[in-house]
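Each of the next two complexes has chain A plus one other chain: chain B in the first, chain C in the second.
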Partner chain A sequence: MLNFKSGIGIALLVAGATAAHAQQNTPINGTVQSRCIIQTDQPGIYGNPNAYTLSTTNTDGGSPPVIRVDVTLAAAYYLDITAPSAFSSAPSLPDVVTWAGDTTVKSMSDSTNMGGYETGKLETGYTDRYDLTATGSTWFETTSTATLGGSRAFPGGNYTALVTAACIAK
Partner chain B sequence: MRKKLLLLLALGSWPSYSYSESIAPYWGTTGNVIADQSLNWSMGGVLPEPLGLDIQNVIYSYKIQKETGEWVTVHVQNENANGTGYIFRETDEWKPGTSTGMGINKVVPVGDLPRELWGPGSIDIEGNGSVYDANVIYTYKVTPCYDPQYDPNCPGYKVPTPNIVEVNLDDLYDVFDDENVDLERNKSIEQDDINLEENERKKKEEEEEAKRKYRLEKALGAADAASLFAENARIQQMNLVAAQNLQAYVIAGIPGGVYNDVVDLRDSKLPDAKTGLRNGLAQQLLHKQMVEMQYNLNTN
Partner chain C sequence: MLRYVLVMLLLFGHSASAHEMVPTYPKLEPAFVDGLYKTTMTMFNKRPEVEYYEIGIFTKDWKPIKFVSNYKVYKIPYLSTVSFDVYVRSEDRYSVTYICSVSKLRKSPGPQTAVSSKICSKVKRLGE
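The block that comes next holds the complex of A and B.
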């Protein structure tokens, strides 16, 4: 009986101490809808004009991928598009692959304000940076060429490479 | 309570079902209006027929062909059919720096502009350049009840009333004023008309009766013909069987020799048969009785 009472007293004491130093974290949630939306308008296809080359050029039997970027807030984003520099999946290759790639503006919804995107882009390696100064849609086309070293033939199989596009808030 | 709820539910959903599908607005899209390199088109052959059509968007795309240093301005436009100027005009500036192969894809909302306002369309180019792979499409909305008389379910629909021409009765021909008309004669004609109708009715009935008889005769005739045909077939079959069993001649052996008369009648007195006498007498008596009976009947 004595033990039970003391037990309660300790419990009340602890509760009183807790009330004296009450603290609680209340979350504030929020969701930001990006004003820059990237989507694949057309996936690319590698053509195989010769044994040691894979190319997205139409004349080589390929088809370049097209990326569409919709911007609803002007002058708020950069767009970085990086051409492939490696296969994401491929058969085991007997030699080093040499890569070439480039991105260009294919089409736009506002030639007056987007017409300067191509001339104003910054090229760093395989990455082209565009300053998205206008609202609207812009279509970008990326070409990619992979050449196997020593003019060796690409082994038979499926090859996949990825073009990376990212909207970067200013 | 449950029935009331069901009734309320049915009443609540009633308007959606009573609204005919045929009068609901619908949306559509034209094909590419640019059929050739002229970059001009007329809206008459582009939009469908129904009234109440409003254009909502113009969607176009093309690629520019020009030198990089050139400044080219491209207008995609439609003339205002009810006035001067343009009902729609979108301008694209291709400044120096842009190059051949760059394209434009644009969706331009125009609100709901009635088709009557849309004149001929064109792509107009200013500067040293041209466009290719041009594509212009219109999206539209059709409201069938634009004309309330389109369907009885349309709001504002009015039941059509026949157009009755008003005639001045005074100008009409009045038979009573015609001196050349004998009204009594008209009566007889009316009577004749009634008789004529009766006669026609009777005539039709007679014709119908004759037709019925004719059809019956035809049917019986057909039945007789069928039975006759069957009888003939049966006779033919019998003849055929008989012909198979009947020989054309009889083969019989006749023994030769002399056949003598074997009857030997000897002369003697042949007495009268008494039974025959009695029989004859009885018949005579019977005959007399019969003859006398007729007299007895008369006397009675």
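The block that comes next holds the complex of A and C.
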């Protein structure tokens, strides 16, 4: 004959086993879809090395924007990064602005398979096209320089220019 | 403790912000209304400085195609996901190639470059 304490013990064991059984049968479902993720690691800042130049290079007091692109499906995307060729917002300017810009691969998560990104890129105007042939993360840096014509000084105010990063499925 | 701090720095040290849209290869299916085809897209916003994303549908030559969705510009608060249906006319279904979303940026102070992100999914045809 079982006493009261033994009965409770057995009940707890059975309850525990049932709970363990229930935990084993609780599924967590998820679907991982292939994707391209564009991340802004660092927004750029223009330095003002002289009155008529705005530049994102570090030596000019600026900071270039850094864009990270994560890809989870190899050879499924192109990446187009376009350096600015106009201000999206600026004060009224007294002369024409000359633009220069370039994008380069800053670093990568898989140097074996991504090592050819920089040499294999296609440059068209301000746009650099990269063929994202490997999965993983790649960091891109875009430099931009704006020079006001006639060496005239940029008027005081806020200046913003857009770098466009486009991930396009192949 | 030091290890914990290092892990926290690794996890949160970067103020990265992201834009993503799935599926990469959507499929157009007949809608419940005759003469229309539809597909469902999902966007996730991890860019704290961006709240609005505009969608567009294009041919393989990047010509815009008329479409209907609840909105052309979706408000997607930071760290939220929005799923939306897009409808195209059945005569346009073979022309639809790219479904894109573009971040809409606000004016911000200071001399700076802002990053506009754009993601385009592709409707694949047989043999592509």
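Here, the second predicted complex is superposed on the first by the 136 of 170 C-alpha atoms of A that agree within 3 Å, B and C clash if a C-alpha of one lies under 4 Å from a C-alpha of the other, contacts with A are read in each partner's own complex, and residues count from 1 in each chain.
Please note the rule applied: a contact is a pair of C-beta atoms (placed from the backbone, for glycine too) under 8 Å apart; a residue touches a chain by one contact, two chains touch by 3 or more.
These figures come from a predicted structure and were not determined experimentally.
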- Look at A:118 in the shared chain and tell me whether it touches chain B only, chain C only, both, or neither; answer first, second, both or neither. first
- Give one of first, second, both or neither to describe whether A:137 is in contact with chain B, with chain C, with both, or with none. first
- Message: Under the stated touch criterion, which partner chain does A:84 make contact with: chain B (first), chain C (second), both, or neither?
- Response: second
- Task: Using the touch definition from the top, say if A:105 reaches chain B (first), chain C (second), both or neither.
- Result: first
- Between chain B and chain C, more extensive residue contact with chain A: C
- Item | chain C residues touching chain A - in the complex, by the definition given at the top | 14-25, 46-47, 49, 98, 100, 105, 107-122
- What does chain B use to touch chain A in their complex? 61, 63-64, 74, 91-95, 97-99, 101-107
- chain C contact footprint on chain A (complex, rising order): 33-41, 43-46, 48, 54, 56, 64-65, 67-68, 70, 73, 76-77, 84, 88-89, 142, 144, 158-170
- Parts of chain A lying in touch with chain B, wherever the complex brings them together: 105-112, 115-116, 118-119, 137, 139
